[in-house]
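Can you keep this structure in mind? I'll have questions shortly.
Note that the chains take the letters A, B, C and D in the order they are written out, and that residue 1 is the start of every chain.
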Amino acid sequence: MNKKKYNVDGDAGRKAQIQFADQKQEFNKRPTKIGRRSLSRSISQSSTDSYSSAASYTDSSDDETSPRDKQQKNSKGSSDFCVKNIKQAEFGRREIEIAEQEMPALMALRKRAQGEKPLAGAKIVGCTHITAQTAVLMETLGALGAQCRWAACNIYSTLNEVAAALAESGFPVFAWKGESEDDFWWCIDRCVNVEGWQPNMILDDGGDLTHWIYKKYPNMFKKIKGIVEESVTGVHRLYQLSKAGKLCVPAMNVNDSVTKQKFDNLYCCRESILDGLKRTTDMMFGGKQVVVCGYGEVGKGCCAALKAMGSIVYVTEIDPICALQACMDGFRLVKLNEVIRQVDIVITCTGNKNVVTREHLDRMKNSCIVCNMGHSNTEIDVASLRTPELTWERVRSQVDHVIWPDGKRIVLLAEGRLLNLSCSTVPTFVLSITATTQALALIELYNAPEGRYKQDVYLLPKKMDEYVASLHLPTFDAHLTELTDEQAKYLGLNKNGPFKPNYYRY
Amino acid sequence: MNKKKYNVDGDAGRKAQIQFADQKQEFNKRPTKIGRRSLSRSISQSSTDSYSSAASYTDSSDDETSPRDKQQKNSKGSSDFCVKNIKQAEFGRREIEIAEQEMPALMALRKRAQGEKPLAGAKIVGCTHITAQTAVLMETLGALGAQCRWAACNIYSTLNEVAAALAESGFPVFAWKGESEDDFWWCIDRCVNVEGWQPNMILDDGGDLTHWIYKKYPNMFKKIKGIVEESVTGVHRLYQLSKAGKLCVPAMNVNDSVTKQKFDNLYCCRESILDGLKRTTDMMFGGKQVVVCGYGEVGKGCCAALKAMGSIVYVTEIDPICALQACMDGFRLVKLNEVIRQVDIVITCTGNKNVVTREHLDRMKNSCIVCNMGHSNTEIDVASLRTPELTWERVRSQVDHVIWPDGKRIVLLAEGRLLNLSCSTVPTFVLSITATTQALALIELYNAPEGRYKQDVYLLPKKMDEYVASLHLPTFDAHLTELTDEQAKYLGLNKNGPFKPNYYRY
Amino acid sequence: MNKKKYNVDGDAGRKAQIQFADQKQEFNKRPTKIGRRSLSRSISQSSTDSYSSAASYTDSSDDETSPRDKQQKNSKGSSDFCVKNIKQAEFGRREIEIAEQEMPALMALRKRAQGEKPLAGAKIVGCTHITAQTAVLMETLGALGAQCRWAACNIYSTLNEVAAALAESGFPVFAWKGESEDDFWWCIDRCVNVEGWQPNMILDDGGDLTHWIYKKYPNMFKKIKGIVEESVTGVHRLYQLSKAGKLCVPAMNVNDSVTKQKFDNLYCCRESILDGLKRTTDMMFGGKQVVVCGYGEVGKGCCAALKAMGSIVYVTEIDPICALQACMDGFRLVKLNEVIRQVDIVITCTGNKNVVTREHLDRMKNSCIVCNMGHSNTEIDVASLRTPELTWERVRSQVDHVIWPDGKRIVLLAEGRLLNLSCSTVPTFVLSITATTQALALIELYNAPEGRYKQDVYLLPKKMDEYVASLHLPTFDAHLTELTDEQAKYLGLNKNGPFKPNYYRY
Amino acid sequence: MNKKKYNVDGDAGRKAQIQFADQKQEFNKRPTKIGRRSLSRSISQSSTDSYSSAASYTDSSDDETSPRDKQQKNSKGSSDFCVKNIKQAEFGRREIEIAEQEMPALMALRKRAQGEKPLAGAKIVGCTHITAQTAVLMETLGALGAQCRWAACNIYSTLNEVAAALAESGFPVFAWKGESEDDFWWCIDRCVNVEGWQPNMILDDGGDLTHWIYKKYPNMFKKIKGIVEESVTGVHRLYQLSKAGKLCVPAMNVNDSVTKQKFDNLYCCRESILDGLKRTTDMMFGGKQVVVCGYGEVGKGCCAALKAMGSIVYVTEIDPICALQACMDGFRLVKLNEVIRQVDIVITCTGNKNVVTREHLDRMKNSCIVCNMGHSNTEIDVASLRTPELTWERVRSQVDHVIWPDGKRIVLLAEGRLLNLSCSTVPTFVLSITATTQALALIELYNAPEGRYKQDVYLLPKKMDEYVASLHLPTFDAHLTELTDEQAKYLGLNKNGPFKPNYYRY
């Protein structure tokens, strides 16, 4: 299991260690091509990173009793759940209602599928962040006919009020903010290990649920029709299993769908880089010199936003094709060393490790801001800054001044972890795309005629990718053009898509 | 053979008809999925479109004698060529020298490969546009060790001075501006049908050379190591042959390489839409309302440029994913009907047919400009405008006013043919990328160990695509970062690339 | 006195009423051309608006004793000050030191003027927001030779820690966060009414200090060399006094200097509109439809930022020249009614009143966000929303949902008050420009030979405006070109400026 | 008289020298602050610069007879004109009709003023470029009731066909392309020196007409109600006259009106820099490094356009305020020397002289493009390139390669004269704004009650500036918002404007 999951903001000492002696191996192996993961960096890295934006709304006076020790019933008398405080349900319901307004695609799915119930008979066990948006997904799955049981994929990210609201409306939810490691697995187990109920679908984010079933209840896979996995890490685990010939049901990789990729990375980062920098530093972007390391989708988004706000942006790249794109988009392509002394901000988006080294940090000018938009917490060699001659000063939440003996300070954001996860919020719109993709993947796997999917990892069919996109167009009051019969024939296309070959780059 | 090739600007009546009774079939069949071609629209459509920007520099007093009837010798006494006027060589040489300055990648290839001569022994027969840039390519191939014979792929596009310069320096070139159809095939035949010389490589643009050898000298393929094909049309023919099991040598599709695609379409069209509109209409972009039909790479380029110049841009799309991209990029997605009455400019970039119909044209406002940046000449239903009640007035080269009975005029550019080919120039930089790709493809095919390539159509290996990009970086004084050993290991990558998986979208 | 000053966030009922029977008139009269004020909207409207971003750093357990009742001494034994808690000085000092790093122009002034002490002998009484940036200004004035006494211009904006740090280092400061109205005037009086010390310069923000001296100590003006006024409101009062013939010393209007205007409005709002919207709503900008009312500097900034982030922006204007600029910049110019049903966000930047009426609000679509970047709190008719049939729901700080009987919600930010003041921070860079301008204006007035300035309101000489700009260039590592003698002669300019005629528009 | 007027493209040797011994002085004196002129650089510099874009449409076989020696009559029998060839009238008429479609403001003026004829009785003598757009202006003046007589203000800029069309429809026009200097003054004299007709209004562009009347017919000024002057040079002359106390009628400076300034410079140059560079060099902008000297309106336009097209732009400035704007807009502010070795393009927009010196030119890299968008032909020290060691090679119209002994070439455009005038076209929209302003200025001066205007130089009243803008809004289907009575009162404004104080910067 990935240790990073239990990192706590700014507290490297509280790392949790959980050991499973046996089957842990195939999950734990160092991925041989882990860098590739950065190419499809996903918001779902949240499952393996700390998560600071999950604020609680009502927990002013903390209740110290563990939820596991409480006796709680919802208003219908059910006690098949475990949440912090069922009484917070009303507040959580309002959050869910607000989220519903911003997730029109799921709401449309509910409406369209109301008659046919494409998930009738589906028994879905889920393990994801538990937020208002997840709640909208779960209630949509319910409306489509599925039964659901749910645990959290991260010990810190659960919104207690939302969990309460779900429990109140009858969902067996087992999650609260601040679970211990033992709690974490206990909750997962409570979802799976139920008398008289056995899941036939898995929705996972990070692979822990899948792992647990593999380890504890391998026989369960006989009835399971498929796994839908959302995170980079979880997808990686599935490919490992598949390579090892151990994957025993079809799995859908929803992380690499076009819609998710382009929107999650390019468009979302275009906004979150500004948001993250503003909320932490209140800096003015105009006239600032910035170097962005890496010109993939994330780097492209960061560069576009900062250029638009009047920053002067330099780019570093290892790939000559992306480098040429940077040139054509109007950015000077440099090596980091060439500009490190002059820039006001350093942003990493490479998916690589040690892109910013101690040597670079030594040469930065006073007040230089350093942050990471890329992969996990490897890109900036933060460890190299934890030496006696440097003083760390926490000036705000997520903002440290690291002070050199000569008085030079650099401003390190989120201790080198992902700025956009730590210091900005993820727009509901992006979460909506992800949730819709998950729902469609579940429907596809659940309803696929036998034989369509083997015991392998699949991408969402392009037609479904297009369908997810189409469900989000009404948000923008966008009107799609339809092909005439004559045109469809001329193009050799079905009028309803798919419209592009698989290799199309968008 | 594609009839469109012989269309003359504004003269639908001079269409040429050339018939080959037998094997013509597999070239002529209506492509079943021809629309896909638009996804990879290429500058090489020039081979199937008219080509107006190829101006002659010195032909002030036209010489009426056919080059085929002339006796010409170059200064070394050779007469193994057929050009308009060998005396124009000096002027052509200057053009080539200017082009050399803008094609640093080919010049670098010459330098790097000077020692090893990777094309030593290669006998290349080529059929492309004959321009200064082609000359730089040919002389590079020569410098790499190859022998070349060359014909033109279009009866109008040859720059006579450049052809003369090539002939003067010893290249057997058979081409002039204004060939008849008979001349066209005669020239090709003169390249192929030589005593004591047989080609072992083909460089084709449009497939006519390949077709001719298939038809006339099928045995020649025994010695041919491969075909490099540059155009959409030619690539399509090759795939047809391959499907039909008739492709008897490996072929390299250089049209779909990343570098070419993204640069040729996105970046090049971003500039040529402005250039084409300015040169034809002198219009001001600021404040104009424009509808762009299609948001593929070409549409993206057009939209970005016009938005930057202060136009208000609407987009139409059939594909919900591209549609969502248009939304996120800040364009209103509409159906053409919704805005047709209000826009000042209509631009098609769909690859589809009849996107702008007579009905649309009837509803446009006075002075509306209509042009095509997409595919061939099918997008605007120009034929529907050739009716008695409408008056056509040619107001400038490439600009027609079509006048309705009530006095309304629309401004039709290039008679609905490709604006960027007809009314703007193609930057040498783009041609340089294409030519470098062609050279590398020839080297790859010629030197590949037996068995690497079968009798199939291949894409350029990604590593070579990256190499083409890297050769163009010095133009921008761009400095690529190199992976450390540690980083390469972490990423599971070779330090010299390829850096991305094949499905990467850039 | 302006009643709005004492508005409390979200509490319209706590308006303070302070009456000065006699001379109040010339301050209170409805300005006849108050709209003009919007043309030069300034951050200094903060003095008449609420101010939420002034967070306290250390006041966790509130001390209920009034500072006026406390006996405090700084470490040097002085008790000539009145602040919340002198023990917070150290924390405040750190804030000041951080601010110093971002105000290089003032630091440069300190250095350059260290020798000559241009303010030697100056006795400055000031009344401004008391923040870290103000502290840097005050300590700069001290370094230039001046003696200073200071009060707050707003009862909520004082940072207690900074006030403590100033008191600790010997500045007689009379200010704390949460003054009563009586406190407010008592503090001002303590600055002015000192035995053995009489001010000869006034630095005011809002005009209250000036007003107090006029009312209570009119004889003091005999020794006063000039007033430097920063706010729109204060400047307006001065022009009223001047028109009425009652201005008895020269006054410098630093609000309308070029540097302040263009940077404060255009560049600052370009960033703060994004920041304000993100912090309050976490919305995604891409694809959103926005209408911006007013295309002055503020509107231009908002439009540019939102367009760059992928929003579709409409503009309303009353002035045909600004309207034409909007067109040329690529925005559809509409009447609010035309788009009110379709937009996702409404932003006012007009300086006008009732730009968004109840009728507009009734027609907005569900979830429409409404906010004000313009003038005071007049632009949106918020009062019209306080009717029984509408439900208000406070969903976050500064965010209200106003709910119609049919369930439609609009999202009202900052209750219609200035979004950028209430929900985003003001970049130090902008405050630096303002503070530098104030310092230079004080130097100019204090050192001006008699007769240069009459009893009138003056703009900062253009040369000083240019000097302020030049002091900020090093921040950007920007290198100014110097005229050669020959060029200066050719242009008829002094090599050191001023470089432009007064009417130059920038 | 300004010698530059007679410069011929590319032929410095054919400068004309015309001497008026006496009164020449006040026109010829070196302006003491001539640099200021660059601040309001105008398209009307065309009157003192060469003018290449005025192509002739029908003059294929040149007629060598001087128009002065020809006997021509229009179809109504009048011979009160002198043009190249009255038979070209029909072609010219079509050009005028096309221009009418793009000058809706003048057409609207015709309509609105049809009833009242505000120029009834006006006898206007004009001296401007004679183009289709001028013709629309003249015929509008006629429709408003005026009688007009017209000469050309530039010996090369007359469109013969348009002059013929005007003559055919009854306007006494005296102008042709390629006048000698003697012809030039003869034409002007024929406009003024008519039996039984005496002008009461002057419309001048460059001041030559005004000069001639001053010199030859000073008594005429007794009946003249005013002068409307369009060019920088002419305006400068008028201010000189005014200062010298010799201006004997009111004059209107239409060059410095807001609408003209911002649109002519910022928006027009934003487009013409791209157009001029493309037409001359076919270069690709993406990735190019460019230095723009000067960040006034013209520089701002150039920088914005090139940045949008993917160039990397550096800026040089002497004015710290404009410099700071460049920083905030995202451009590195440098000294020319810092980047001269690395840039691909150098563009001057300063209004200064010798901004690019021989020393700079010596250090540029091979293929560097140098051009001038600023003032006259002084900015680049082209004279310094006319030395024996450098070879000039004309590679295209307006494009010279200057070749250093080591083979380095720089690409000099338009020989250092204005790129936008020489190598791109001026959008009709901009000419429409100018012509409308001229018409309104004539109406204003002609109808002003006695005493409103003294013998001085005036700017167009702001209200008229706003009116010009409002007449152009319908082109963009732009809908202006009207103030309510309540709002107008609140703002202290008249509902019909003017809406801004005079110092407003836009």
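What we mean here is this: a residue touches a chain if its C-beta (ideal position, glycine included) is under 8 Å from a C-beta of that chain, and two chains touch if they have at least 3 such contacts.
For clarity, every value in this text was computed on a predicted model and none was experimentally measured.
Asks: When you check each chain against chain A and chain D, which touch both of them?
Replies: Output, common partners of chain A and chain D: B, C.
Asks: Relative to chain D, which chain's C-alpha centre is the most remote?
Replies: Using the mean of the C-alpha atoms as each chain's centre, the farthest one from chain D is A.
Asks: If you average the CA atoms of chain C and of chain D, how far apart do the two points sit, in angstrom?
Replies: One centre to the other, that is 42 Å.
Asks: Measuring centre to centre with CA averages, how many angstrom lie between chain B and chain C?
Replies: 59
Asks: Report, in whole Å, the distance between the mean C-alpha point of chain A and the mean C-alpha point of chain C.
Replies: The mean C-alpha positions of chain A and chain C differ by 41 Å.
Asks: What parts of chain D, by residue number, touch at least two of the other chains?
Replies: Expected reply: 267, 286-287, 309-310, 327-328, 332, 476, 478.
Asks: If we count contacts the way the header does, which residues on chain C are in touch with chain B in the complex?
Replies: Residues in contact with chain B: 286-287, 307, 309-312, 327-332.
Asks: Write out the stretch or stretches of chain B touching chain D in their complex.
Replies: 98, 101-102, 267-268, 270-271, 274-275, 278-279, 282-289, 305, 308-310, 342, 366-367, 395, 409, 424-425, 427-430, 475-478
Asks: Residues of chain C touching chain D in their complex?
Replies: Counting only chain C, the residues touching chain D are 31-36, 38-39, 256, 258-259, 261-263, 267, 316-328, 332-336, 338, 351-355, 378, 465-467, 469-470, 472-473, 476, 478-484, 486-487, 490-493, 497, 499-506.
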